[in-house]
Structure formats: structure tokens, C-alpha cells
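These notes open a run of structures that come right after.
Two complexes, one shared chain (chain A), two partners (chain B, chain C).
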Partner chain A sequence: MKSLLATLALTTALTLPGLAMARPVTLTTTMNNYGGDGAYLALYVTDAAGAYAGSLWMAGGKSKYYEHLSDWYRATAGDTAQINGITGASVGAGRTLEITLDLADTLFDAGYTLHIDAAVEDMRDSPNEVTVPLTTDGAGTPVTGRRYVADFTYDM
Partner chain B sequence: MIRALHRWPGLLAAALLIVLTLSGAALSVFPAAERLTAPQAETGLSVATLATRIQTAYPGVEQIRRSPSGQITAYWFVDGTPGAAVIDPATGQGVGSADPNQVERWLTNLHRSLFLGDGGRIAMALGAAAMLILSVSGSVLVARRAGGWRRWFAPLRSPLSGRLHVEIARVAVLGLALSSMTALWMSASTFDLLPITSSAPVFPTEVSGEIGVSIASIDLLGQTLVAELRELNFPYPGDATDVFTLKTDQGTGYLDQGTGAALGWTDLTGWELVLETIYMLHTGQGAALLGLVLGLMALGVPVLGVTGVLVWLAGRRSRPRIPENQQAAKAETILLVGSEGGSTWGFAATLHQALSAAGQTVHVGPMSGFDPARHAKAQRFVILAATYGDGDAPETAKGFLDRLKALGTVPAAPLAVLGFGDRSYPDYCGYAQRVAEMADTQGWNMLLPFDTIDRQSPQDFARWGRLLGQALGIDLELAHQPIVPATEMLTLVSRRDYGAEMQAPTAILRFALPHLTFWQKLTGQGFARFEAGDLLGIVPEGSAIPRLYSLASDRRDGFVEIVVKRQPSGLCSAQLTQLAPGDTAKGYIRRNPGFKPGKGRAPLILIGAGTGIGPLAGFIRSNKGHRPIHLFFGMRHPQNDFLYGQDLSDWQTEGRLTRLDTAVSRAANPSYVQDTLRDEGVEVARLIKGGARIMVCGGRGMAAGVTDALADILKPLGLTPQALRAEGRYVEDVY
Partner chain C sequence: MVRPDWTHHTNGDTTMKKTLILLAATTALSAAIAAPTWSAVRTSDSPVQLFAAILEFGQDAMPLILASGDDDDDREYRNGSRSEDDDDDRERKYRSGSRRDDDDDDDECDGDDQDDDDCGGSARNAAPAGTTPPPQNGLFGNGTPPVVQMN
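This part shows the complex of A and B:
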């Protein structure tokens, strides 16, 4: 289990009152066979007003491609400090990305939304590939992506 | 140093570079194919019109992209299902699949990372670096060898693998250098080693809040031509805060989805423009033709790799091991070798063996290792030096001249300098000559006068060996055996005799073409391929050292012909001139690419005396295209040694020979061929002005006389024999 509490607490707006209360959450993203190279994925959270709250994970290591994750890029102005220490490899077609994070309890049932932006070389960019409200009830329910993500689930 | 910088990266990276260039060459085809197949937008088409057409056809359109080839792709979303197609800009309708080409994707991944992720990317970047080093070091080597950058495309006269290596390299090197430099830049960008300054403008915080502007009414889209378009993104349906995003070849901007007003614009930064240009130069995307040319040049690399390894192996093989080489400090005789390809080492080995057999202690080492302090016991020094390019030091002699110049006192032990070279090159034995001159200037005592060996002649070497033996007071017989190729039995068919009355028996010997194996025919080896001017090596009975004779016939003539004059006490010429039809001799073909008339219609001036007529007669016999040929021929007496006399007259009638001028040395008014040349100076000058090529064959004295005469003839034209030689328009085959 990767503990990202500290990172998130330091770098993002997820430093909310009551953060001491946190729980491990597993995010599972399964890609469909879209017939291209490894996909870049940005997982991040917006608040009830739609404002960027913080990043959870960046799959893909070359920052020169981040602008293709256009919503995330717009929200963060491409600031790589947002994903310091929470960056991994890009995810191939048909593969699954599974990450486990400590997320603050206050992120759930409070209007926060989890977004995934996706981009694949020589294929269309797909900002807002996945949009799913963070609720305790929604945990464990698969959500389908628009173009590249076969399904996405968060489990607590 | 430069050679090492060429050899080691080349050997280490050869396999990697072959993968890199083959995949690169294959990839270069795709941009051209896309350019040819992509439906192109009509000139003057605006983005507004194009986007309207596409939106009409696909109301859920989200993004329109234009690739550098002009191919337009649209992406849309209908009822939760994504769609995409290549668009015909004239109709806005999809005409093809927008899925990436799987072959291209596979090749791209192989080309940039060997499917090994970042490790593979680094390996390929190192490959590109190796290619750049090879391009630069190889260019320096080619220039040095040719005798200067201005002689970059000078004709070559080396063995096939070496020649092929240079021929391909000097054409391809520009593309390879460009591709490797752009590759390194792209790698640096991928690994974030370059400053990234994104040009995306800040996303607008305030928008009109309205939606549904008609695309056709947006001014900026109406003014932007499709040719400038990179990408147009539509706002998310139902999100009033979103905007249109337009990317062109100049920059990026946002447009309000309610009013069409421009909400911000940023031009591309300098870094981005540089990277985009480099990307185009590397991939050919947006420059398909350049891409194809680069791909073609990249295809040269596998050949360069193979021939390069062959050249290296040949160099290693030809450098013999010296058995019982004495230590530098203990030896009385020091042999210093300046060798480029390695053949001079062979001569040093022969000399080492003969001197050792005569009871001397001998050390052989490279000239670059010369240090008088290391040779405490030295009684004599012998330098065997080849020349590289235009009189430069060969590989194993680097730095020798500087060291000699810096020497306070030269060794007391005397010195002999022997140069190795090829008379058909400018500055024959130039480097050895300079070594001898410098040694003389420094006051080094000479054991023997400076001497030279032409084209690795074992006879020259044996002659010099006898002089060395005399100087040392020993009997020195140097039987240098260059590796003799496989010989064939040649059967004499006919002979024509001349000069018997003048005690100079000379014969035109015609041998039957030996039987060729299928393999020889297939590969053009041995007697399967030869022309007049090539050399016939004859290995006489009772000797291992071959003698070389210039060929007077072409493979297509169907026979092997040479002209031989019996030399006083000459072993081989005696045997040959005694052959009767039906007798045999052992021979092989040695190519002599430096002495060929070449293709083209430029007039030929052929100058020869005595047996030197041989190859010249061969050229005339082959001149079925009636190229203008002017022959100057020197003989002793027309009654006795007018070689090919009847043939020349026939060839003149047939138009193969334009004009014949003879010189007779044993007449009432003796004249030599150089005298006749002077007499015809005006005509010769006229021919040379018209691009004529001069070929001289015969004895050394005659050749020197011809050079002097030509110098006088050329002077009014502002030319010199040296200048013509450098251009390859004045070649000699002398003995």
C-alpha cells in the first residue's frame, strides 16, 4: 500500500479539516484494447464547485506529454509539483492500473468528484475520460470510461 | 586518434545502428504515403468552413486535427459512443479509418526504444550519438584520405569493401549526421533535458456564459486557413464555462462559445518552434520528400556496417605477427613502421626476418613510438613509411615529425628511409619524403639515400634490400611475399616477336582465357572480369615473387594479352619470352582501377614507349564507341619494334584511333616521345582545354620527360601536370 497522505497533505488542497481521519482506498482502472501505445492517465479530484482540489496519481513519466491531459493541465497549469512522488508508468491497452491511497474521509459524500484524463500517442486526447462522484455508496460500483477506460472502480 | 574514434564506436554500435537505420528507413515511407493518400484541402479553405462542413456531417464533433501531411481527422461522440474518421475536407464526410497504423506503431516503438521503455530509449540515443561521432570522424577520414575537403568526391582506388564504404558514406553522411543530431535533440526533449516553456495561454476565467455560436460566424476561424490549422477543440456540450481551443502553426488561443470572441492568444515559443522543426526534419512528417531521402541514406548504414567490419578485419589480417621481435632497448637494428592499411607491416616483417637470419638483433615498432632514449643499443634505424592521403602521416606514424623536429640531438646511429606509395597518386611517397628531409635537416646521418617502393612491388623491395645489404656488409635477399592470390594456368595461344635485331627481344603474348568456375562467373572474381590497364601477375618457375604486367586486352576480347620485353638477367621475362604456343604460365588478375580511361566522350591522349604500348593498345582496341584518341608512341626503330604497328593502322581505319604520332630514337634524327609531344604542343593544349584525359605508360625516365614536356605545354593555359593529376585527368602506369 502506498501511503500518499503526507504528499497530498503537503501539496494539494486536500488538506482539509479532519484529515486525521483517513482510510485506504483502492483505485482500479482497467483499459480496453484501444489499439495504441501506453495511455497517460491523470487521476485528480475537484470540489463541489468544480474547482481543482488535488491530484491522486499520474500514469506516465514524460512531462512533455502532460498537456494532452488537457483538463488536468488546465487546472494545474502543468505544475509537476502536483504529482511529485505520485507518478508511475503509462498503462498499456488491456492492462489494469491498481493503486491504493490513504484518502481523507472528508473527501467522501461532500460533493467531490474524481476525474480521469487520458491521452494516447497519435490518438485522440480524452479529457474527462471518467467522471465519478466520491460517495461511500458508490464504492465498488464500476464506471465506464468514454474512450480508453473499460471500467473504473474505487473500493474502500 | 580520429581513426580510433571511428573504429570503436562503429564496431560497438554496428548491430544497434543496423536496427536503428532499417527501422528508420521503413518509417520514412509512411509520411510520404500519408501525403499521397490524404485528401487535401482546397487552397484558401478556412477553418470555419471546414468545421461547419464536419459539424454538419457529425453534429457531436469534439475535435478536428490536421497532421503535417494535410490529413484531417475528426473525433466525435454520439449517444455515448466515440467515433473518428479521416475527413475529406471538401465534404466534411469521413473517408477512412483514423486508427493508428499498427505496423507504423510497431516500427516506431522498435526505432525509439527497442520495446524496452526508457532503457531502450537511452540505448537508441547512445546509438544516435555513436552515429554522429561516426559521421564526423568518418568525414575527417574521407577528407584526409582524398587530400582535402575540396576533393570530397575524388575517385577512389582502394579494394572493393573499402571503396564501397567510402562511396556510400560520402553521399549518406549528411543525412546520417542530420538524423542523428535531430534524434539526440528529441531524446533530450523526451528526458526533459531541454527547457520546456509551454505556450498555452491561461484558461479564461470569465466567459460570456452563452452557448451556441455559429462556427461560420467566428471571425478568427474565418480568417484562419486550414493549411495553418493544427487542432480545433469544441467545448463540452452542456458546460457553459468551456471554450473553443484553436491551435495553429503560430500559437494557441481560446474562443468564446457564445459570442465567438477571442479570449486569449499565445504565440509558439522559440523552443517549441525549434523542437517542431527538428521533429519534422527527423520524421519527415511535413517534409515527406526529405524524409524519403533521409530514409534512403539511412539504408546505407547496414552496408557501411558490414563493409566497415570487413575493412577492419582486412587491416588486422594484413598486419602480421613478428616472431622473435627483440626488445627496443636491446636491439641493434630498429625498424620503425608507418603503416595505414597494414601492408607496410608485411614488408617490415620480411625485413625483420632476413636481418635476424643474418644474425642481427632487430626490433620492429610503430613510428609513433619513436624515442631515441628507448634504443640504447641502436646501431642503425630503418624507417618504412607509407603515406596517407595528400602526404599525411599514416596511422602508426602520427606525431613522428613533431617529435623528430623537437629532438635536440639526433641519434648517432645512421638512418635509412624507405617510402611506400602508388605513383598514380599525387605526392607519391610524400610523407616518407618529408621524414627523410626532416632527418636530413636535423643532421641525421644517412645509411642509404631515400628510396621508394611503388605499389608494394616485391622487386623494388628486393633491389633496395641488396643496397641495404651492401651498406651493412651482409648478403641480404629480401623475398617479400605479399599474399599471392590463387593463380590459374594460362596457355599461350600466339606470340608476335619484335626487336630481336636490337638485342631487345620483345613479344606480344596472347594467352587463352582460362576456364572459369560458376562461382567466379557469378562473383566476377579472377579472370571473370578484367580490362585493359589491369595487371596480370605472373609467378615464374623457381620464384615465389610475382611480376606484374599491364594487360593489353579486355575480358570481352576473349584472350589475355601482355607485352613483355626480355630483361637482362630477368627471371620471369626470360621464361615468358621463351614460351611457345601451347606452353603454360601461372598467373592471376590484379585490378588497377587507377589506370582506366573511364567513361565519357572526353578525348584521350595516350602516351607510351616500348612495352608501355600494351594497355594503351588495349584501350584503343576496346574503343568501339569511337571516342577521340590521340596516341603518342615512342619506339627505337620502325622496322624492329613498332609494336602493334599493323593493328594501329587498322584501328585508325576503323575509327578507333583518331591520330597516331610516333617518335623514333634510333634514326638519323633521334627523337623521343616527349619531343613529339612538344612538337604537337598546340594540338595537345587544345585537347586538354577540351577536357582531354592523359594516360602515360612506360619507363620511369620517359614518364618524367613527359611530365616536363606537359608542364611547358600547360603553362600558357595556366595549368600544371600536378593540377591535372589531382583532378584524375593525368594518370600514369610506370615501371
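This part shows the complex of A and C:
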């Protein structure tokens, strides 16, 4: 009985910090009515030095178009391993994409910046469509995009 | 008088028999896996062609049939003018902000689309969300799959 209790205590002690180190974060992207086909969006993060830290989401499934998400493509060389398991459909004009991800706490208030690159068929590419620092204070505050994104919000 | 331990001998024989059966089974399994592989990597003048010959049997009898509707009379109307683009799959064609006439026969496999999976190129599309866990890039927590909603 004593060993069982000790095991339970140990597993709980090991599990709890893991749960506390991440939280569900909802990223909401609303598109403008730009009058074109579905937009490809790359959501990725850079660190305090501006270096690429990783991707959070890719809206659009065909890798041959990723070169038009030019900043993301430059940072990753179009490596699809960066977006395995975090890739979905492109986002149509006027529609809202809502993604809930389990993100590490260390991303917030540590100088990380979330970027969105956007590209639409037969329309201008828009690298850095949205740029927003990841802070706990900034949660819930809409940020306006440059061309295709009406607004972007992250909620914790 | 000391009696011989017949029980022990019987158990030993059973164990030996089981071991032998297990060894025979694993050897047979290895042989079954290795033989086709060996045949597949053979050189053309290798005498070991038995399994490869079996695998290739009938290939001549099954000609490759390409089923494609791309040469149908599908036309897209853009900007008030008709561009004769003979692919009908509504794929996006990003071309650096300028519209482009798709008057070639099959632009899906031309030089600038070398990474197109439709062409059987080497590049692969990423695994969709939900099919694999998010990448281990330090940004995600415990591998909980993303929840996506499009409104």
C-alpha cells in the first residue's frame, strides 16, 4: 500500500508541471471580403531576436503554393515537416478560422511574435499580413491585417 | 534408493521442443520476408530471380490506363475573357500577383511545378491536422491535437 501511494504521488508530481506548462489558446482569424479564392495562411512564431521559432498553423494543404507565403518559406525552406499535424484547409473570403492549440506558457511575455503570411490565387502575396507580440495583456485584443485579414485575435 | 526425477526431464523436453518450434517459426518468417527482398535488389544477371519473376508476373497483361478528364472542354471565364485552361479541378495558381493565361496543355506538370504532388514529384504535402500530433518544436504543450472551426 505504501509503495502504491508513493508511486501515485510520484506520477502526480511528474504530471502536474506538464499540465501547468501549457494552456489552450484560441487563434481567431477573420478574412476580409477581398473577392478572391481561399487564402493560404501561415501562422508562425519568431523569437525575441527575430529568428524563426516554429509554425503554429498552415491553412492550405498544397505544398506547391507555400513559396507564396514568402517570409515563412524563407524561414523554413518550405519544409512540410514543420507543419505536419497543424495543416488545414485554406480560408475563404469573409470567413473566420478559429484554431484552438495547446501552447507552451513560455511563448507568452518572452519576446515571441506571431506572424501571419497570406497568399491568394491571382492576387498579391502578403507576407507579414499580421504581426502581433505574444503577451498575456494582448490576449483578446483584435489586430488588423494589411490586406486579406480583417482582424486577428488570440484568447487564453 | 534415489528415484530419477522423471517430471523434471519431461519439462525439459517440453521446453526444448517449444524453443525448437519457436526457432523454426522465426526462421521461416525471416526467410519469407527476406526472399522477396533479396530478389528485388538482385542484379540483372543474378541467378536469384524466382520471387521477382513471380512478383512481376502478369504486369504485361495489365496495361496502365490513365483515367483523366483534363482534356475535356472545360473553360474558365476570367476578367470577361475566356481563357482556355483545360484543367477542371479549380486549383489555385498563384503567380506573384499577376494573372496568367493557362493556354498550355497541362500546366500541372510544367517546370515550375516540380514539387507538385499531382505530378508524382518528390515534395510531399504536410500531414493534415488530426492525423499526426503537432511537431515537437517547443511551441506546443503535450501533443493535444488542434481543434479547428471554420465559420
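FYI, the second predicted complex is superposed on the first by the 136 of 156 C-alpha atoms of A that agree within 3 Å, B and C clash if a C-alpha of one lies under 4 Å from a C-alpha of the other, contacts with A are read in each partner's own complex, and residues count from 1 in each chain.
Criterion: a contact is a pair of C-beta atoms (placed from the backbone, for glycine too) under 8 Å apart; a residue touches a chain by one contact, two chains touch by 3 or more.
For clarity, every value in this text was computed on a predicted model and none was experimentally measured.
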(request) Specify the partner with more touching residues on chain A, choosing between chain B and chain C. (result) C
(request) Identify the partner contact of A:L97: answer first if only chain B is touched, second if only chain C is, both if each is, neither if none is. (result) second
(request) Could you tell me if A:K62 is touching chain B, chain C, both of them or neither one (first, second, both, neither)? (result) both
(message) Touch test for A:D125: chain B only (first), chain C only (second), both, or neither?
(response) both
(request) Name the contact category of A:G35: first (chain B only), second (chain C only), both, or neither. (result) first
(message) So in the superposed three-chain picture, is A:I86 touching just chain B, just chain C, both, or none of them (first/second/both/neither)?
(response) second
(request) Identify the partner contact of A:Y73: answer first if only chain B is touched, second if only chain C is, both if each is, neither if none is. (result) first
(request) With the two complexes superposed on chain A, say which partner A:H115 touches: chain B (first), chain C (second), both, or neither. (result) neither
(message) Output the chain A positions appearing in both contact lists, the one against chain B and the one against chain C.
(response) 37, 61-64, 78, 89, 122-125
(message) Which stretch or stretches of chain B touch chain A in the complex?
(response) 62-63, 65, 75, 77, 80, 82, 84, 99-100, 102, 105, 109, 117-118, 189-190, 192, 196, 198, 200, 202-203, 233, 236, 241, 245
(message) Under the stated contact criterion, what part of chain A meets chain B in this complex?
(response) 35-37, 50, 61-64, 67, 70, 73-74, 77-78, 89, 122-125, 128, 146-147
(request) Could you pull out which chain C residues touch chain A in their complex? (result) 91-100, 113, 115-117, 123-135, 137-151
(message) Under the stated contact criterion, what part of chain A meets chain C in this complex?
(response) 18-19, 21-24, 37-38, 40, 45, 53-58, 61-65, 68, 78, 80-91, 95-104, 106-107, 119-125
